[in-house]
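You will see subunit A twice below: alongside subunit B first, and alongside subunit C after that.
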Partner chain A sequence: MDTIRLYIKSMRMLMKSQLQYPASFLMQTLAQLVMEGGEMLAVILIVDRFDRLNQWMPGDLYFFFGLMSVTFYLTEVFGRGVTGAFPGMVRSGQLDTLLLRPRGVLTQTLCSAIDPRRFACIAVGTAALALGSRLSRISWTPLKGLLLAESVLFGMLLILGLFMIEAVFCIYSVKSVELVNAITYGGRSACQYPIDIYARPLRVLFTVAAPFALVMHVPAAYILDKPLYGWPAWTAFVCPLAGAGVFAVMYLVFRRAMRHYRSTGS
Partner chain B sequence: MAFIEAEGLTKTFTVRKKREKGRLLREKTRVKALDSLNFTIEKGELVGYIGPNGAGKSTTVKLLSGILTPDGGTARVNGLVPWEQRRQHVKRIGVVFGQRSQLWWDVPILDSFDLLRDIYQVPEADYRRRLSELTEALRLEEFLRTPLRLLSLGQRMRAELCGSLLHGPELLFLDEPTIGLDAVSKLALRDFLKQENARHGTTVLLTTHDMEDIAALCSRVMVLGHGRKLFDGALPDLLQRYDTRRIITLRYDGDAALPDLPAGCACAEEGEGYRIDYSPDQIPTAKLIALLQGAGNIRELTAQPQNIDHLIAAMYREMDL
Partner chain C sequence: MNAYFTVFRMRWKMELQYRGAVIGGVVCQVFFGLILVSLYRALYASKPQTMPIEAVASYVWLQQAFFRMQLSSDSELMDKIRTGGIAYDLCRPLDLYGYYYVRILAQKLLGSLLRAAPMLVFAFLLPRGVGLGLPVSLPALAAFLMCLTAGLLCTCALENLTMAFTMRTLDSRGVQAMLNLLMMILSGNVLPLTLYPDSWQKVITLLPYAQVLDTPIRIYTGQYALADVPRALLIQLAWVLLLVWAGESMWRRHQKRLIIQGG
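The block that comes next holds the complex of A and B.
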């Protein structure tokens, strides 16, 4: 409870420091809006060419895009410490400062950065979700609403977990490893489309290793009243837990890695 | 049991070199930052910790504050092993890195302090009392609502000190706290540290290259070189061994020539006068002055010991650091 209070307080303070430079903040937010708007436009253009992709109608595809966008950028706003700031913190030695305080390193990492510019992307994502929901005529029930929230929440844990792979590499080698971006940013780009349009190796990758399919696509199929790849309906509620699994595993790995942390010069 | 006990502390870093041409693998060298270091520090002591760059001072501080885990040896601070009971341990210590800020850059320092209170879970009443005490002693009132980035270096260092002492640590590590400070700030900082030590019995381990800091504050010095402890004792005792030379600068009326000086005196022209570097063991000062006086009318003469940095440099040279 106390940790959550600390997190909220930190976030409020970081927001305040971001707003110290209002012009820069506004410009960057605008840039993000254009960027994510462009992504959305790309999807619209693609969808416009085909009138369906496998079993998926245009509205469904917007829904997938929106779900990924909202989840991914919520993670980037509130988990900026892990998704962006960590390599720099290792290199500059700021990680040492965190170790000097009586709190967990991961907690403090999460408390040390926020990226409110990404709210622009979340707005685009939300618009896509709404558009998809309208076009596909989703009949919303409380259960579906709950499932959407569950999917977003565990999706955030999954994405945090994947970014922690990079963090772990940083602890060992101080350098940041761009290769890991293949499954974080790559995963976002690939999995904003339903998983069944891909070939088998990619399907395995995004189901077993980086289970975006379990966390987002199965619940999305349930919400869109499509068959769940042959699985019973209740699996839609269980599959997202895979995100928590990835996060838990990476948390343990992260803790082990911190024992090998070697700091940088004074 | 002593307050800080370090026994056989060893830490090795692996340094990877750039791959040489024609070689498949990069060469790795192992550098011993600390080589079985032993020492104890009692509660309330003010200890200076010196040594050339790369001697292992910062590594010691990082081990004792729980940031790093040693490869060998043990240490206990107030009964706790820093790297094993990190969270409990860091509640009782404060660390100030001269070149690394622990406060938040863009927010008023009062907000930073406020967040630190939450991080350390300091009870509100203690926090209020401590904050007013520290802001007064460090003269911080007028900057409390100023963002850190707008403060001068001296003001910033005072803010950092305040931040690291808010939770009332029993042990304070200072890593080059006076680096880049002007004379007034330096003196104020030293006074503050003395006062803090006297009032709360805070144990202080001070790492610095500024010998004046050590001379003003520390009753005890430890010298570190190549990861080993080379000296542990009072500063005057350390200096005595190397304080073997004196310097005379003089200027004659008109242009009298210097007399022939005995062996062991080094002489250099300096402006319109001379600078003579000699050893009182070889030629007593009075005798040398008499000799100099014979050559002409002396208008100006000063005799002084070598400055402390030269002594330390001589010591490092002799110890082959």
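The block that comes next holds the complex of A and C.
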């Protein structure tokens, strides 16, 4: 409880400091809006030209896109410490100060940064979700709403866990290894679309290694009443837990890696 | 002239230093290329288009291979302006526009050559319809290389113009990010321009962003016949001239009003 209060307090402080330069902030937010708008435009244009993607109708495609967008950028807003700031903290030796304080390193890392510009992307994602839900005529029930929330929540844990791979590499090599980002950003790009359209190797990668398909596509397909691979309904509720699994594993790896942490000094 | 050549060589050598980053970049681009090609293959399976899938695959691979030709934000100049380091550049007996143009040229040319070579080899080895196909004809390959060179000159002029914007304000991250994004969308990197609605294509292909990679690639894949090449090349060169002129006059104007920061 105490940790959560600390987190909320730091977020509020960071938010305030970000808003000190309103003009620059506004421009950068606008840029984010254009960026995510451009991604959505690509989906719209694809729908315009191809009408559908296997059994997935336009509304379904917007829904998948929106779910990924909302989840990914929520993670980037509130997990900025892990998704962006960590390599810099290792390189500059700033991480040392975190070791001195009576809180976990991961907690403090999460408390150290926020990226509110990404709210613009979340807005685009939400619009896509709404549009998709309308076009596909989703009959919402409380259960489906709950499932959507579950999918977003565990999706955030999954993405956070995947970004921690980079953090762990960074602890050992100091230099940030951008190559590792292929799995996070690549996952985002690939899994904006339902998994079953891809060839087997990609399907395995995003189901087993980086289980975007389990966390997002299985529940989303259930909400759309088109169960993925015809799996039974209960799988939609159980599969997202894979996100927590990835996070838990990465948390343990992160703890181990921290024991090997050698400060860059100076 | 000699001085510019030296600047070019220095930049070239610097770019060669970061070979590790090149390998990482290549693996990333290959991965993205594979994802995009599988997506378009799935789309084509639902509804084939007039442009064959082989051409779309080639389009994707060429875009990924020459990714480095896209606009990027050079934070170095921004830092120079913020710290006052630009004063040293002003002391050089060189035209600043030319100085930065050559630097960008070296960076983009070597950056894309280093990445393109291994990626194109890899993409050639992939099966037909997934990987990079052969150019439609030998003359088309020659025309492709010619237009690619013109595209390189065009993207350098574009980036230099963006830098001129940077001189106006101390923090232009927003403006620059926006211009770079326009580039990603309108150059065919996010979605091949050939898949845009046909009516849009008439306008988009005339914009400077399409000159950089879209025009050369269309010649490679045969979307533009050989007879169209002179027209395409003319549009490219017109943009190069216009952008260089606009960039140079803007640099000159901003240079006069430049305030040296720091102390």
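The rule is simple: the second predicted complex is superposed on the first by the 266 of 266 C-alpha atoms of A that agree within 3 Å, B and C clash if a C-alpha of one lies under 4 Å from a C-alpha of the other, contacts with A are read in each partner's own complex, and residues count from 1 in each chain.
Note that a residue touches a chain if its C-beta (ideal position, glycine included) is under 8 Å from a C-beta of that chain, and two chains touch if they have at least 3 such contacts.
Given the structure is predicted, the values throughout are model-derived calculations rather than measurements.
*Asks:* Identify the partner contact of A:R5: answer first if only subunit B is touched, second if only subunit C is, both if each is, neither if none is.
*Replies:* first
*Asks:* Answer with first, second, both or neither: which of subunit B and subunit C does A:V238 touch in the superposed model?
*Replies:* A:V238 contacts neither subunit B nor subunit C.
*Asks:* Could you tell me if A:P102 is touching subunit B, subunit C, both of them or neither one (first, second, both, neither)?
*Replies:* first
*Asks:* Between subunit B and subunit C, point out the one touching more subunit A residues.
*Replies:* Counted on subunit A, the partner with more touching residues turns out to be C.
*Asks:* Between subunit B and subunit C, whom does A:F50 touch in the aligned arrangement: first, second, both, or neither?
*Replies:* second
*Asks:* For A:L30 in the superposed arrangement: first (subunit B), second (subunit C), both or neither?
*Replies:* Second partner only, subunit C.
*Asks:* In the superposed arrangement, which partner chain does A:R262 touch: subunit B (first), subunit C (second), both, or neither?
*Replies:* Once the two structures are laid over each other on A, A:R262 reaches subunit B alone.
*Asks:* Can A:L252 be said to touch subunit B (first), subunit C (second), both, or neither?
*Replies:* Once the two structures are laid over each other on A, A:L252 reaches no partner at all.
*Asks:* By the touch definition above, which subunit A residues appear in both interfaces, subunit B in one complex and subunit C in the other?
*Replies:* Subunit A residues touching both partners: none found.
*Asks:* Taking the complex as given, what residues does subunit B use to touch subunit A?
*Replies:* Checking each residue of subunit B against subunit A gives 13, 57-58, 62, 65-69, 86-88, 90-91, 93, 95, 97, 99-100, 102, 104-107, 111, 115, 118-121, 147, 175-176.
*Asks:* What part of subunit A is in contact with subunit C in the complex they form?
*Replies:* Touch list, subunit A to subunit C: 21, 24, 26-28, 30-31, 34-35, 38-39, 41-42, 45-46, 48-54, 177-179, 181-182, 186, 189-190, 193, 197-199, 202.
*Asks:* Of all residues in subunit A, which touch subunit B in the complex?
*Replies:* Residue positions touching the partner: 2, 5-6, 9-10, 13-14, 16-18, 20, 92-94, 96-97, 99-103, 108, 259, 261-263, 265-266.
*Asks:* For the complex, which residues does subunit C have touching subunit A?
*Replies:* Within the complex, subunit C touches subunit A at residues 21, 23-25, 27-28, 31-32, 34-36, 38-39, 41-43, 45-47, 49, 171, 173-175, 177-178, 181-182, 184-185, 190-191, 195-197.
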